[in-house]
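Each of the next two complexes has chain A plus one more chain, namely chain B in the first and chain C in the second.
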Partner chain A sequence: MSDPSEATPQGRSVIHDLGYRPYTGQRLGAGAIARSLVVTGFRNAFGLGRSGRSKVLPFVLLGLNLLPALIVGGVMAFGGLDRLPIGYAEYASTTQVLLGVFVASQAPVLFSRDLRHGTIALYLARPLRSGAYALARWASLLAATLVFLVLPIVILYAVALLTELDVSDQTREAGIALGLAVLLALSLAGVSGVIASWSTRRGFAVVATIALLVVANGIVTVVQGISGEEGGRPVVGEVAGLFSPYSLYRGLMAAWTDADAPTPPSTTGMELAYVGVLVALSALCVGLLVARYRREATS
Partner chain B sequence: MRVEHLTKDYGAVLALDALTLEVGEGTTGLVGANGAGKSTLLKILLGLVPATGGRAEVLGHDVLTEGPEVRAKVGYLPEHDCLPPDVSASDFVVHMAMMSGLPRVAARERAAEVLRHVGLAEERYRPMGGYSTGMKQKAKLAQALAHDPRLVLLDEPTNGLDPAARDEMLGLVRRIGHDFGIAVIVTSHLLGELERVSDHVVVLDGGRLLRASRTDEFLDATGALLVEVLGDDAQARMASALATAGVPATVRGSMLSVDAASGTRDVRDVIRDTASDLGLGLVRIQADHRHLEDVFADAEPEPTSGRPAGRGAEHVGRHRGAEEVSDVRPE
Partner chain C sequence: MNRTIFRLSAQAVAGRRRGLVLLLIPVALLVLAVVIRLLTEGDVGVDATVGLGFSLALPLVSLLAATAVLGPEVDDGSIVYLLAKPVSRHVIAVSKFAAAWLTTMLLGAVPLAVAPFVLDASDPARAVALGVGGAVAGTAYTALFLGLAALTRHAVVVGLLYTLFWEGVLGSVLTGVRWLSVGAWGHQVAHALSSAVSDLRISSGYAVVAAVVVTVGTVWFTGDRLRSFTLRGDE
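Presenting the complex of A and B:
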């Protein structure tokens, strides 16, 4: 292009309407597209890139979820305790209601919204295959759930180190808690994702997910409570623990850390079964999600 | 775009019946009644729905084996609603451009450009839930163009629009085909619309090809002239005077239809002189073109096989000036 000062005889610049200009730049492959979808989905799960109102719920829940950790930090700083008042892994078990509400309310943002508003047709008309789309959505929800679970652990760990608790003990316990958080996030993202993808109504998906998580956990807790009493049969409680993500988490937490829970898995075989069920449940849910969107593409 | 013996059998309904068709550059109108197989054809072309038989090729790619390559180069505007209400058009088009593989910075530039082309100004920063139907259609069109496709598939882009918005949308479709250099396949069940924007017209009926040719071949001049005159009892006086001069004329609406092939002198001179002699105001003389609806009127439906071919294949409406819709196909 020539010197703009020569654009007119008077030396003034002018705006040219160039008309339609074709795009000749770089076009990225499926991997980059999927990554971009995961990042956008992750932001959307916290209401970012959406209306101001949709940011309220996720950030209120996240704030409430972090509040106990911050209080613990204050207590540790001023109280001079020699151990954390709440274990890393115990934390998620204590705030499980907030966690349940978070995944139940944000899974529809990632799964129901596109189906409800027909946006899925636009995604499917683009290079990404339906299966990859489903996996990217699931990854976004998993990442958002992990942020919800891992941030308190990070805060507690930082507090523990700042108050000069034993580094190796704290690191080991925080590591176990991280592993448990990943297992719980995998299963919660899967379960809530499947429910949200089969229900295009946001309200229904939220209620169904919370009901499933709370009711299943409630029934399991009752059974475990009864079987864990003196004279009861703990093995019944151990098996019952296999039927809810929260009780699976609780059982493994009691088996691997100092925390208490009714009828934790008493044998290595049972511990493996707990881990196996969590992984299998997640895999099953991912499979269902892929199948759901493949069907959507060809219908 | 080329399809050969393309068949799609949904079991109860045969959506496409051994369709063979080739579509080139420019704007192609795909006409047919609801259930004629238009949307099914578009879905097969996008590589979403596998065909039961035959093959389809888009921009040199086989849709069955190279679906992602096809979809990277094709833009799609679906018939139904597809916009999330809580996102602004600007953000949405950027996101959709990135979903077609554009890097973020390029996606932003492209989004700004296509939104300008479709005519979404300040409202692009508002959530799309508050948009009018016309603005929504523009946003849908913008996302279909965001990645600079080589071909856009527009499924009923004028659906639900008022006459002004319809004209604007048709103007945009024409610009995409002519000025942007992007091939367009646009479907409609309104023939008048496609007459205005498309270079080629493909008529589908019950999953089969009824006719495919250039629009101007559809609209061959009929050899007649339409004449409009003003004055007291102008038409009747003009018709009888022309008949006396050896040029038969019939009254059609507010115009006279004159057979231009008759007589020895130039019929236009006769018309001019006659009007002048009678003291009538000669408003216009124009060639009489056929309309697309005449093609349907001409085409006798072939006897169908025992199975139902699509739903309700008997209604093909014609829409002119957005007020009259009529059935034109013989039952």
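Presenting the complex of A and C:
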């Protein structure tokens, strides 16, 4: 079978020749399609390029997420503190509800709509492979999540530098927070993407994602709280921390910065296990996404 | 109350995937209670587990149930066939509320009574009190989320922001939020029935009245919204 995209300059198109002038410009390949899909997806995650009403939610969430950082900036400027009242890494842990709601509500925008309305067939009819489509969507969500996580860190860092805190200390702490943010974003984008592509009802996908993230975190917190008490067994809490992205983040945050959390990983092996679980979870979710869209392409 | 609408709504709630997640939340809570009971002694963890149930499990269950009876129908537009029937819109709203309410009671309020009983069987009065408190809060939550589902397509997200952000994050920073927090009303009712439940210092009369006003008001509002319903396209 010849490639239908190879319309020739001589006017012989492959399917029909109705005498119209064909497109004779340069044909861009799968790479260009994937790139533009990532950019469009990233914009769509914030409602850009969509209707005005769909911009409201992501920007309200983003605004609420940035508000504490701006308030910290004001306090730093007028209060004359000699350290940030909230750590860079601690910030995402404090606003995790907003982060969860953002990821959960914007994942269906990227993953559910094409599946529910059947427009996925149009994408897969192009030279783009189903796996590349899944990866492009995931990359968009990851980028949007990162923006959500990194912007407050940037604001806090700018505030710290402008109030002339120690540059090397602040840079080191902000760097650790950035690394943690990447790990958290990887896992959140993966989990919410898998759920959104599994259940194409938007409302349901949102609650299922939140239920998984927040309820798992709540259960882990209860277990950690009990095992971290006097006479408890902190090891139980450390192991329990492996079972939710938020508690993994919290554990690593407590291990790598001077922030507090119940039963942080106490050994290097446990820290490696925390990082390993986060990475493995993300990889597993990406694998599931690729498999999901491959099935869609072959069915 | 229309039995056919009630039956169809109940089926929508118990649908395959949604039913699964709905069931998972209380099961997770009870498994947690059993595990804590087996691994510790005394009444360790009652407060933490009950807090988890009140602040997360109950609102999530009622949110899932309340949006299940209205959300999908509005999303795919099939609600017009229901609205075209010669049934009062208020009857539709009440029937749908009944289906969601029953689910919330079974999967939200009952586990809230069972979990403390599993953790500490020596105080059944507290378990019953928490169950009643959960029933009060669950009723108001369900009605509130049903009203949201009739008001906006983003009912789920708005509902989540209300429970997790307003009641959860802001409620822990600004103590005055408890006066406008459905979960706190239920908690206060539980305290009025058993002094083993912590006191949130809202008058229990206010809590009951507020819950009733919210429930009746939002169910009526749902019917009223359905009376003048316009379908909008997907964004």
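Brief remarks on what is shown
In this section, the second predicted complex is superposed on the first by the 278 of 299 C-alpha atoms of A that agree within 3 Å, B and C clash if a C-alpha of one lies under 4 Å from a C-alpha of the other, contacts with A are read in each partner's own complex, and residues count from 1 in each chain.
Here is the rule we go by: a residue touches a chain if its C-beta (ideal position, glycine included) is under 8 Å from a C-beta of that chain, and two chains touch if they have at least 3 such contacts.
Predicted model, so just to flag it, every value in this text is computed and none were measured.
Once the two complexes are laid over each other on the shared chain, residue contacts for A:V206 go to chain C alone; chain B is not touched. After overlaying the two complexes on the shared chain, residue contacts for A:S51 are found with chain B and with chain C alike.
Of the two partner chains placed by superposition, A:R43 touches none, neither chain B nor chain C. With both structures placed on the common chain, the touch criterion links A:R294 to neither chain B nor chain C. Contact with neither chain B nor chain C is seen for A:R83 once the two complexes are overlaid on the shared chain.
Of the two partner chains placed by the overlay, only chain C lies in contact with A:G225; chain B stays clear of it. Applying the stated contact rule after C-alpha superposition, one finds that A:L124 touches chain B and leaves chain C untouched.
On chain A, the surface patch touched by chain B in one complex and by chain C in the other comprises residues 50-51, 54, 113. Of all residues in chain B, those touching chain A in their complex are 46, 48-50, 67-69, 71-72, 74, 76, 78, 80-87, 91, 95-96, 98-104, 106, 110, 113, 117, 127, 143, 147-148, 175, 179-181. Looking at the complex, you find that chain A touches chain C at residues 50-51, 53-54, 57, 64, 95, 97-98, 100-101, 104-105, 113, 198-199, 201-204, 206-208, 210-211, 214-215, 218-219, 221-223, 225-226, 229, 236. Looking at the complex, you find that chain C touches chain A at residues 17-18, 21, 24-25, 28, 32, 35-36, 39-40, 44-45, 48-49, 52, 55-57, 60, 63-64, 67-68, 71-72, 75, 154-157, 160-161, 164-165, 168-169, 234-235. Contact residues of chain A toward chain B in the complex are 19-23, 25-30, 32-33, 36-37, 40, 49-51, 54, 113-114, 117-119, 121-129, 297-298.
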